[in-house]
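In this document, chain identifiers A, B, C and D correspond to the written order of the chains, with residue numbering beginning at 1 in each.
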Amino acid sequence: MGNAKQTIARRAAQELRDGQIINLGIGLPTMIANYVPAGIDVVIQTENGGIGVGPAPAPGCEDRDRANAGNQPITLVAGGSYFDSATSFAMIRGGHVDSTFLGTLQVDEEGNIANWIVPGGLLAGMGGAMDLVTGAKIVHIVTEHCARDGSSKLMQRCTFPLTGANEADVIITERAVLRRFAHRGWVLEEVAAGYSLADIAACTELAYTVADDVKLDAFGADEAAAEKAARSVLGL
Amino acid sequence: MGNAKQTIARRAAQELRDGQIINLGIGLPTMIANYVPAGIDVVIQTENGGIGVGPAPAPGCEDRDRANAGNQPITLVAGGSYFDSATSFAMIRGGHVDSTFLGTLQVDEEGNIANWIVPGGLLAGMGGAMDLVTGAKIVHIVTEHCARDGSSKLMQRCTFPLTGANEADVIITERAVLRRFAHRGWVLEEVAAGYSLADIAACTELAYTVADDVKLDAFGADEAAAEKAARSVLGL
Amino acid sequence: MSIAIGGFIGQGDPLTLIDYLKTMDVGDLTVYENDAGYRDRGTVELVNQGKVKKIVASHVGTTPDIAKAMNEGRLEVEATPQGTLAEMLRCGGAGLGGFLTPTGIGTIAEEGKQIVELNGRPFILVPAARCDIALVRAHRGDTWGNLIFRGTSRNFNVPAAMCADYVIAEVENLYTMGELDPEAIHTSGIFVDAVVRANVSYCTVRDEPLEAAARSK
Amino acid sequence: MSIAIGGFIGQGDPLTLIDYLKTMDVGDLTVYENDAGYRDRGTVELVNQGKVKKIVASHVGTTPDIAKAMNEGRLEVEATPQGTLAEMLRCGGAGLGGFLTPTGIGTIAEEGKQIVELNGRPFILVPAARCDIALVRAHRGDTWGNLIFRGTSRNFNVPAAMCADYVIAEVENLYTMGELDPEAIHTSGIFVDAVVRANVSYCTVRDEPLEAAARSK
């Protein structure tokens, strides 16, 4: 599964539409910027106070006052600008951000998201995640399908404290893409290369229906091939 | 009473303290800026979005985008700046303006102020007055003592719709200065030249006590003298 | 349909867009604006055309025709404290449901509003105003909609530009992206949906102030 | 005593003032800040000195010592959504009693809060935070307290500078009045009570991000 994150980021980037304003969470979601399809121009907002985030600066050109919410150095593209935190969350909460991509610990049947605290674990804090899932027009959950212990992160009902209730719109994992509709609930739209419908059913707890036109081998072929090659080299 | 407004503005300016941030209402209050005592530096905020209002520009040098809330051309002194209306009222409501000077139709025993609408009259609107009387630390009412029909503007109880309840701190008229204290209510502190304690009592409906050290002939002597001279010239 | 309009008794009024609106077949508008313009110019023109049902404003004393329209029952005016109006628009743009203000407690501004007590102090609960359209004017703007205002013409243009589903800005000077200083943008293009060139000017301060304006606050 | 502190995990943290606070004999502080600093630098130092009773923050994962202080019962942390915290400070500075936010509905952010329904939609009523003191940092400032920030170091410095009875700004570059562009001031001197020169730097982005920071959002 070494390539799972890349598979997810690459597939998630296919969700982008030209002209959209997006916010990318820390970690895996930030990688999505590396896979923006040709011909698609998106504007990246960072909740600590910048819009128009561009490529990372060249080594040695980092600037203390140009960073994202994960403290990684950034640049701004032409037309970008800076603002304060109250204004930033006016943008986010006010629905001016089209789409957000966030990792998660759990996501469930009702679109509930739990991504900020493990009961009994150390409190870090929700940061801007609660505002992002509430305010962004489309909330994409980008996550490995299963937790480290093998249990499904796509649960019937979240057991951890929620980040947002009824907010998840799309789930993108290294194995599948599910989209949630008002009346139908979660619909399985795509299955990644190397997985079958039965595989997805086996590792998914939340109820979903399978789209009539579900796409098999829809994405991840490159990574699956690379993985297979690696395994074969290793004699696995 | 041709000089009444000047008398009021001149006396009101004596209330200013060095370093204060003030907001001046349209009309008579704006005249106070002409009488700021030597050695006193105040910063003038205008609620339409400027701070550090300076002298009026020279004729011909007016700028469409530098005006006060009454649409009069302004300049800014060094250190002044511009801002939007939401920020302007954050300043005003948030108690960052030390003192405001406003005209009124009525002011009463409880410090109620009515200065924005006459029942049955045309609606113009309260503008920023309600926010100013609520937010400014000290609210100075600067007004002629009596209305045109001779009735006292310093009433037992306002009869017009209020601008603010329990907000007036100081009343400055061409005849007297009264200050309101939490437990004592209104206290007559000064009487202008040409008026006696009995004169003030006769034209004031709101209840007040007379300060032990009330000052008679406290202000307005110049204007009273000028008026007397004018009357004498006219043979009145 | 609700429209937020920037400007302050002429200063920074989006007259190009208002002129355009005058040519359109629209009606029943509810306008959120500090005022109705200056003298016979601005939103008052839409009122005189019968396009406006209601105006939520802090002061309409600078446009004498508004009083006439009210008296004749052609227009409803909801008088709102200036700071409350600015915050209503900002909150509408910020995704907030409303806010608690001490302004207007004990006055008719309370009427029809819920009062909430916090720490023994009463506040008026004011619902946010989210509009369908906003019209604003800026001194400089780029093709993405970043805006920079000039002087006291910034005023309600900033909160108005935040509060609507579709925001149109007229700009006196149009720049390409990257020409404006990223530290000095007053309104980010994220809030703005369309930019047009301003083709008429506004003129305020060289006129004598109206008596009505001078009398009231 | 309550203190609002600007900055965002190091970016724009007022370290000169925090260093000064370290030398002072104060305690029982309640701090409103996005976080507790970065690694071992910032408000976390005041916590380690035992000066802080409670911190209201959106995220304290970038300062490992905070977890220790919480576990040992030396510190109370009130986790608050980042946008809610920014708005609490702004509202405190704007004289508002509070605001209604949809953020956190259906989560523990609701706990102990009043829920207000408007047009069928529930909102959390969040009381404003008005603090005794605020500490902020700016790139440029003049002797009256006008401030201009740089890049993403603007962040919480703007709302923090509004919300307190006494606001102290450290500035990297001090100017005399009139040297800063009146159109480009981010925080007006009306909000600021004292200005000092910043004499220490902060450094964030050249370090590798902490694992804790990278893991959580």
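What we mean here is this: a residue touches a chain if its C-beta (ideal position, glycine included) is under 8 Å from a C-beta of that chain, and two chains touch if they have at least 3 such contacts.
Predicted, not measured: the structure shown is a model, and the values here were computed from it.
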>> Quick check on the contact network: minimum steps from chain A to chain B?
In response: 2
>> Keeping to the contact definition above, tell me which chains border both chain B and chain C.
In response: D
> Out of A-C and A-D, which chain pair has the most contact pairs?
Replying inline: A-D
>> Report the chain whose CA-based centre is farthest from the CA-based centre of chain A.
In response: B
>> Centroid from C-alpha atoms only, then distance chain B to chain D, rounded to Å. What do you get?
In response: 38
> Cα centroid separation between chain A and chain D, in whole Å?
Replying inline: 28
> Between chain C and chain D, what is the gap in Å from one C-alpha centre to the other?
Replying inline: 32
> Which residue numbers or ranges of chain B touch two or more of the other chains?
Replying inline: 82-83, 87, 89, 92-93, 134-135
> So which bits of chain C are touching at least two other chains?
Replying inline: 87, 90, 94-96, 101-102, 149-151, 183
> Considering every pair of chains, which are in touch?
Replying inline: A-C, A-D, B-C, B-D, C-D
> In their complex, what parts of chain C are in touch with chain A?
Replying inline: 90, 92-96, 142-144, 146, 162, 176-178, 180, 182-183, 185, 188-191
> Tell me, which parts of chain A touch chain D in their complex?
Replying inline: 25-27, 46-50, 62-74, 82-89, 92-93, 102-103, 112, 115-116, 122-131, 134-135, 161-166
> How about chain D: which of its residues touch chain C in the complex?
Replying inline: 87, 91, 94-102, 116, 118-119, 121, 123, 125, 127-128, 148-151, 181, 183-184
> Which residues of chain A touch chain C in their complex?
Replying inline: 21, 43, 45, 51-52, 76-83, 87, 89-97, 134-135
> If you look only at chain C, which of its residues touch chain B in the complex?
Replying inline: 8-12, 34-35, 38, 57-62, 67, 70-71, 77, 79-84, 86-87, 89-90, 101-109, 139, 149-159, 186, 201-207, 209-210, 212-217
